[in-house]
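These are the structures in question, set out in turn.
Two complexes come next, and they have one chain in common, chain A, joined by chain B in the first and chain C in the second.
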Partner chain A sequence: TAGNKIFQFGPCKVSMSMTEIRSGFNAIKTNIQARDPIRTLSILSHPHSLHKVKPSDRCCITHHLFNFYVDKVFKHCKTEDSYVNRKISSIANSFLSVRRKLGQCHEQNQCMCGQESTEKMKQILGNYEGLNVTSAAIKSLGELDILLDWME
Partner chain B sequence: EDVLLPAPQNISILSTNMKHFLTWSPVIIQGETVRYSVEFQGEYEREYANESWIPICECSLIAATVCNITEDISATVAYNLRVRADVGGRRSEWGTLKGFFNRITTSLTPPVMKVIADGYHLLVELEDMGPAFQFSVLYWKKGQENRMQQKVVKEVSSVVHLDTMEAGPDYCVKAQTYVEAINRSSSFSQTQCVRAQGGTSMWL
Partner chain C sequence: SGELYCSLPNPRNVHFESVNMKNVLHWSAPEGTGDGVLYKVKYSVYGVGKWIRKPECRNINRTWCDLSNETSDYEEQYYASVKAFLNGMCSDWIETTRFNPLTDTKIDPPMVSVSSTEKSISIILTAPEKWKRSPEGESVSLLQVYPGLQYNVSVLNKKTKKRWWFSISNNTLVVPWLEPGTAYCVSAQIHVTTPLLHSGFSKEHCIATLKDKTA
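What follows is the complex of A and B.
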């Protein structure tokens, strides 16, 4: 089906059209990654992979990452290619929808933040701010599958 | 001085089974072919991208007064849509859809279903309605509505095997669709009943 996935983070349950997001991303992945000249750096995986995050911190780091993409990344990814822009819009609006649900969990204290997720988010923002904003945004968008794979 | 072209009017959405179409009334200019262009704006664009609009290139300078926006309405958020007209170097203002469109309001129709008695096997054939759709199929022995059984079909393959029937009683089936992305179901289809008949297919 449209591959709606229910993500369970302890008491917090979030449903997400994962297949729609992935198909939107896969449609532009090559184009976006080709715009990222800096191969030796990673925004999400440096210095440690997301897989190192403790299960108890998964909800919080997911919430932070959705905020990161909605607040910082998508808006700086506008391209000259209308098709790419449409797919970015599709992903961004899906992320906005999911972020709202994660935010509700956060407000109901079902998405607690530990030291590790705070630390990890600091690293990601540090990696992001170490580049100029367009390069950082394009690189982050190109790494979206890292986030989706980790979530699944 | 060039008379400004009137903006398209009566802009509306036709949305059925997660297929979404924008339609509008034609702008009539005698002896000219008026062409139209469509743009959309999701909640993300309104709140985080300076209220920017995104053109739909398949509906750029088209003569038709309908545009398939299904591919761009791919999140369950509120969308704005607008259309403008062009003819001979003249361009109208944008005509904007009154109110937002959210795919959660799509109308869901009961699925087309065909029930088959293949010998003692109760089978059902379901229409493929696209990746967004699941089906809930209910089946029971006629007269035993209180012992209804359910089968959820997540991906439509050719035929779905429901049960092995006993000879004699009628078996009845009805189905509804379910769209996870918007968490809604259609109403049920008409009930269809069949009866096992030796090895031959039997319709009632």
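What follows is the complex of A and C.
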């Protein structure tokens, strides 16, 4: 479809409707980020930035990040705004299909996570569990552009 | 006790205006306040715990503050905040929304240079540079920041008013099979697919193909 982009994560090549995801996120970004009052904590980018992940670990950490968003974020992001909810489920569906493709390739190629990115994922989950589920999920959703910027 | 009484109306519309990642904080004066209002500015890196004051924007009476230097790392995201003071009173700190330099900046049109032969014109496009601290500073083209950057180019035959459109990734374009001795006007725009960003069109650059020597 238009706006599909091919991503190479180590041995895994995945096509993703990046334009669709980006425009969906842009439509709700201000709304979602306004629901997150905590400035002093980031789920994804602190203390260590995603940009410090070694290229060899990209396959593994992307796989885990997509699992994180599908399993722990989208399902806890219900809002009172049906427009926002529709956009969230559209993004979630795009993530679901990428996760499936990435999961298959991840298994076949045994993408291994190095020690650094294992630490990074532990830190992300630690940041997430440091908040109540709804706050953590909304904060993670508000940081989707951090993930997309890093992927690109 | 000199304690400030914060009942001054708040600054309004506090937001970043960013072009080529020159990131300037802007706001409007509090409602109903005339001259004499002063402002303080602070900013923070999202996810990091502290607010940082901007000394050059302390007790200023203008309603903007250049935070390009403080927000130049486009792998980070930022908040900024403004507080107003007047006659011993102050307002609340009023914050921006979260600012992502990578996706929230505007991009200037590309520079266009054209040359011609009898039957073709050659176009060279140059993407603008990212804001830099000083003229001697290292130049970073927005092409390096946005690897997916493309150019949309329009070529107009001034005589027939026929227009062609091209979408190219590299920065040079040769348009062949043109009419000798004819004026053509070129305009170009930058287009980034994701994040979705596009510049305006450059002003038109017109050039005539050389006359046909055999005619």
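Simple rule for what comes next: the second predicted complex is superposed on the first by the 150 of 152 C-alpha atoms of A that agree within 3 Å, B and C clash if a C-alpha of one lies under 4 Å from a C-alpha of the other, contacts with A are read in each partner's own complex, and residues count from 1 in each chain.
The working rule: a residue touches a chain if its C-beta (ideal position, glycine included) is under 8 Å from a C-beta of that chain, and two chains touch if they have at least 3 such contacts.
These figures come from a predicted structure and were not determined experimentally.
Contacts of A:Leu41 after superposition: chain C is touched, whereas chain B is not reached.
In the superposition on chain A, contact of A:Gln110 is made with neither chain B nor chain C. Contact with chain C, but none with chain B, is seen for A:Ser49 once the two complexes are overlaid on the shared chain.
Using the contact criterion defined above for the overlaid structures, shared-chain residue A:Thr19 touches chain B and also reaches chain C. Counting contacts by the rule stated earlier, residues 3, 19 of chain A appear in both its interface with chain B and its interface with chain C.
Residues 1-4, 15, 17, 19-20, 24, 70-71, 74-75, 78, 82-83, 85-86, 89-90, 92-97 of chain A touch chain B in their complex.
The touching residues of chain B, counted against chain A in their complex, run 40, 42-45, 47-49, 52, 54-57, 71-72, 74-77, 79, 131-134, 154-155, 179-181, 183. Contacts from chain A toward chain C in the complex involve residues 3, 5, 18-19, 22-23, 26, 30, 33-34, 39-42, 45-46, 49, 51, 142, 145-146, 148-149, 152. Note for the complex: chain C touches chain A at residues 44, 46-50, 75-77, 79, 97-98, 100, 102-103, 147-148, 193-196.
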